[in-house]
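One chain, subunit A, links the two complexes that follow: it is found with subunit B in the first and with subunit C in the second.
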Partner chain A sequence: MTQLIDIFASIGLWSAVLRIATPLILGTLGALLCERSGVLNLGIEGIMTFGAMIGWLSVYHGADLWTGLLIAAIAGGLFGVLHSFLTVTLGLSQHVSGLGVTLFASSFSYYVFRMVVPVANTPPTIVPFQPLDIPVLSSLPFFGPAFFTQTAPTYLAIIIALLLAYIIFRTPMGLAIRMTGENPHAAEAQGVNPMVIRYGAVIAGSALMGAGGAFLTLAAFDSFFPTMMQGRGWICIALVVFASWRPGRALFGALLFAFFEAFQLRMQTMLGGAVPYQLFLMTPYILSIVALALMARRARVPQALMQPYRRGER
Partner chain B sequence: MTLPVLQIEGVSKRFGNNLANDDISLTLAKGEIIALLGENGAGKTTLMSILFGHYTPDAGRIVVDGTELPPGKPRAAIRAGVGMVHQHFSLAPNLTVLENVMTGTESLWAVKSQTGAARRKLLSISERFGLRIDPDKRLGDLSVGEQQRVEILKSLYNDARILILDEPTAVLTNIEAERLFTVLKDMARQGLSLIFISHKLDEVMAAADRIVVLRRGKTVAERRASDSSKAELAELMVGRQVERPVREPSTPGALALAARDITVWVNGVARLKSISFALREGEILGIVGVSGNGQAVLGQMLFGTCARTSGTLELFGKPVADLTVPDVVDAGIGRIPEDRNHEGAIGEMAIWENAVLERISSPAFSKNGLVNRNAGMAFARRIIEEFDVRGGTPQTRARLLSGGNLQKLILGRNLLQNPRILIAAQPTRGLDEGAVAAVHARLLAARKEGAAVLLISEDLDEVIRLADRIQAIVGGLLSPPVEAADADARKLGLMMAGEWREVEDAV
Partner chain C sequence: MVRDLLISRRAVIASGIALGASTLVRPVHASAPVKVAGIHASPVENAWNSRLHKALLDAAGEGAIEYVFSESVSGTDYPRAMREYAEQGIQLIVGECYAVEREARQVAAEYPQTSIVLGSSSEQTSDNFGVFGAWNYEAAYLAGMLSGKMTKTNVVGSVGAVPIPEINMLINAFAEGVKAVNPDARHLVSFTGTFFDPPKAREAGLAQIDAGADILFGERIGTADAARQRGIRSVGSLTDYTERYPETVFANAVWNFRPILDAAVADVAAGKAVGRNYTPYSLMKEGGNDISYVKGVAPAEAEEAMEKVRAEIMAGTFEVPRLLDAPK
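Let's turn to the complex of A and B:
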């Protein structure tokens, strides 16, 4: 019991939560933006992998860290163009197209990586983002090191979450996106072009996914390996449902999942000998299924999600 | 005459082999209400979709206030002051009324929505035209009539001066429809110009100043409402004289269906309260009532999709326990459900599949677990031929049939099985004159063959014309039956208002 209290009182747990949460926050917001416009983007797992790879590779070849992050976002956006073309222009099944994008982007990441970086026992590394000192806040006892010694992209992710909440609920653009996700025919009848809105939302959302992936290689770790995404993209897809398509709740959901993850890592070290560690590895996923089951029943799904829009057809 | 606010000049539109609009011209004056009258498929909706920019015409032009509209641009139509209220609403149930109205009205790049100003504008419009609404309610929580109000407000909010309504009363109850026309007339008095599409003669005569009749894509006539008659309009619309079939006398046979003290609770509300009725072979029993008074539940209970809470039900003298759908089908009860698009057919499946679906496990259509496709197709072809289903082959998806033809398909698949009991719920709702006559003829033919027909309807004329006996349903209660010979609209009106005791005293 005292050990448990020790875990909760440890600075390491709380600072890990924010670090683990960052790629999830960005990925979830990206998926959420796509879905609000009515497009499910299962390309997320591959897009995040590609973002992680291309961001890292850019920096490895001399770009600075922010440029690397930007390149990852642009690359994500390009996959967004591909997914939009397949699902919006051609009106193909969003599931199939998304899974196709994931398979393609993942394999392509590995291909590009191997083209440039030869096989080695220890993968090459870069110098990642360093924790940012915020005046006053970072020097607070306990709270300072626990919450305010993060890298800059983490703060950026939180700001983007708040910004996206504002855009979706308080601006005409957000309303147009929501209307497109609920009823593209109505949007069209009101003079909003659903095709343009969907393209825009999917491209912007995919860019967020790319940036989320890049956080892993540019801030959380310092190297890239092809299997590093470990289903984070799928967790994001689940978190969107958990969040009931609201950015604020998406932020909360990502933090909650990250908390489970950080907590189970420490439980592993605490009870490592007595209990097989795989059991702890499972807990965040089990808890997220439970949370999803509880929350998703009240969720309001965008009514036109996964429905291709064709002009003049009802 | 002052300059017309709207001119449609020589508009034509072709879909494949079908010439939907053939050189149509029309003018609309300020403060005028025009009714566009025509059967389903006459090209009314196509014409209005061209006017609103949903379709690009093959020929012709649209002029609003002397300026030609660019074809195929809804946004230009909105800006020119044209508003459209679709039959199937263009609304998002998960958004609020205000959000639905505001979409697309502001620049997409504005950093903040001006919700306060928008709310004030919406409320002032709703005040001015007597269209009361709560702007912050979720749209999906509103009734159909209120949702239509939101559709109209949406157009007015965009400063529409020309309002197009596509079959506005198709989804409304009679009372809601009356209220709507009061509002529309008030709008015309305030200087708006309106066009409404309809195939209902009564409302066209009552609400329009001028009536334009379309048939097979052409304007066949234009009349002032004051100079025309229902009979003339009906003939113009259909292209020949429509004679609704009349009932011949018959002698009812044995008792087919007897319901005693049936009560049904749905979600904690008693929807049917101890109702009793008896249905005999070779007769039509009409159940009239304003929709929402329990007739939907009555239909579902007899279709086997809704269990009764108490009461007894006898089929041909034998009491039955809980009715399931297979029981109903096996007992030879034919069903015409109220919502033909959702309960009556599966839109994405072929006509032949829809024709055989409910009897798919019978030996006629399957063997050893395999569907006998040929038998199904042959059955569908028989329906198409004998029931004059137009617009498709057995392989056509049911969704592509018009309402009247879909109803003929549903009638056909039931009547070709020679049902001993036929339950028809709102069988002619939303159908045009020709299709109504066809459905009526079929119901009367079934009666003649000795079937027991239960006709649930809110159309008084229909019930008086077809039924032998009539009962009214009000708030889940059923009146005692009256003979059709003794019934007239006034008496049935009283019964539908729940005052059947007075009617009985008067008899």
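Let's turn to the complex of A and C:
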């Protein structure tokens, strides 16, 4: 029991939570934005992989870290254009298109990586984002080192979450996005062009996914491997449901998942001998499923999610 | 199941014959290097595959073989890749069948003229199907001997992928090495549950440092990043990580695939069946694994004691325990 308290009281745990959560926060917000406008974007896993690759590659070729992150976001946005063309303009199945985008984007990132980067024993490295101490706050006892010595993209992710919550619930544009996701015909009747809204939301959402992937190669680690995404994109898709399509809750959900993850790594270290490690490994997923089951009962799914909009059609 | 030595009498005789035969046959075959295909289930930067890839490239560079390869071949595609290379007239296929043990053996049965030698969890072989394991546990033991003398907190940690025998053996050997020189040291173990997630391995490493570890044995890439971030030392596995983490990784349990490759290529060149277990070529006395360390980081007497044991392993007078159970 005292060991558990030790874990909770450790600075390392809480700073790990924010670090692990960052790519999930960005990816979840991206997926959430797409779905709010009525488009499911299962391209996320591939888009995050491509973001990780292109962000890293840009920095490797001399761009600075922020430019790398921006390029990752732009590349994500381009995949968003592809996904919107398939699902919005052509009105194809969102599931199939999304999976297609994932397959294409992951393979394409592998291809580019292999063409451009020489094969080495271990892949080449860059100098990643360093922890950034926020003045005053970082010198607070306990809370300082636990929460305010993260890398810059982590702070950015949290700001984006709050910003997105504001945009979706407090601005006319947010209203238009929500309306398009609930009833595109009604939106059209109000003079909102659902096609434009969906394109915009999917492109912006995919850009966030690209940036989320880039966090892994620009801050969490300093190299790119083609197989490094390890299903983080799919976790984001589940977190959107957990969050009932609300950015604030998405932030909370990503932090919760990351908390379980950071917690289980510490539990393994402390109790590794007594309890099979698999039990700890699955805790984040089990607890997420439980939380999902509880939350999803009250979830309000955007009513037009996964329905292509065709003008003038009922 | 622990056996003393995997070299069976048959293998000794066979390798003896192979060795003898290869000297007879080599002049005939010298003009035609053996055609070898590598089928990698992961990208060739993955530590394990990088060892195969490097040995194969080196051998190709020396003109001993002709080398073609495929990487990131998924389990569902693996048998197809094997068939394609077999159809192309490749003489020797090397790679890994950890995920496709049964299918790989089926393909081998369909192409009896093609020699196949794959990394495997099983020792089951057939005429044209040989297996090998990546054993660098002896070197891990030696790295543990250095680490045990270096730790100030008396806590060391190991981060592994998944507790399969090959990885258990390695982490256990490291722990045994630590224990041999420092019986009071505590050894923390965690597994990431995935073979490839460097950011996660880094988080696991940080968790161990938070729990007091001041030397980390990184069975997977990513662990050393945690050590570097906190300014402690780390030990690498399979490949030499010192170049990548110069201030951090002071010792590596390096695995060399070359002795296995050379033995298999010699068998093929001699027209001999490759249906045997090539794992013994991973042993230190065969040059299959060795410690590579930065001198002067560990105390001089620790290095001296370690070198003494290393010499004993080479001479065959000391055997590093081979413990296959999941480390505690």
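Following the convention adopted for this analysis, the second predicted complex is superposed on the first by the 311 of 314 C-alpha atoms of A that agree within 3 Å, B and C clash if a C-alpha of one lies under 4 Å from a C-alpha of the other, contacts with A are read in each partner's own complex, and residues count from 1 in each chain.
By our rule, contacts are C-beta pairs under 8 Å (C-beta built on N, C-alpha and C of every residue); 3 or more make two chains touch, one makes a residue touch a chain.
Nothing here was measured: the structure is a model prediction, and the numbers come from that model.
Shared-chain residue A:Pro118: touches no atom of subunit B or subunit C. When the two structures are aligned on the shared chain, A:Gly62 is found in touch with neither subunit B nor subunit C. When the two complexes are overlaid on their common chain A, residue A:Pro135 makes contact with neither subunit B nor subunit C. Counting residues of subunit A touched by each partner, subunit B versus subunit C, the larger count belongs to C.
In the superposition on chain A, A:Leu175 makes contact with subunit B only, not with subunit C. Taken together, the two structures place no residue of subunit A in contact with subunit B in one case and with subunit C in the other.
Within the complex formed with subunit A, the residues of subunit C that make contact are 42-47, 50, 53-54, 72, 157, 163, 188-194, 196-200, 202-204, 206-211, 221-222, 225, 239-241, 244, 326, 328. Residues of subunit A that touch subunit C in their complex: 10-13, 16, 19-20, 110, 119-123, 125, 216, 220-223, 225-228, 230, 261-262, 265-266, 268-270, 272-273, 277-278, 281.
For subunit A in complex with subunit B, the residues that touch the partner chain are 170-176, 178-179, 182-183, 185-192, 300, 302-303, 312, 314.
Contacts from subunit B toward subunit A in the complex involve residues 49, 54-55, 74-75, 78, 84, 86, 88-95, 99-100, 102-113, 154, 158.
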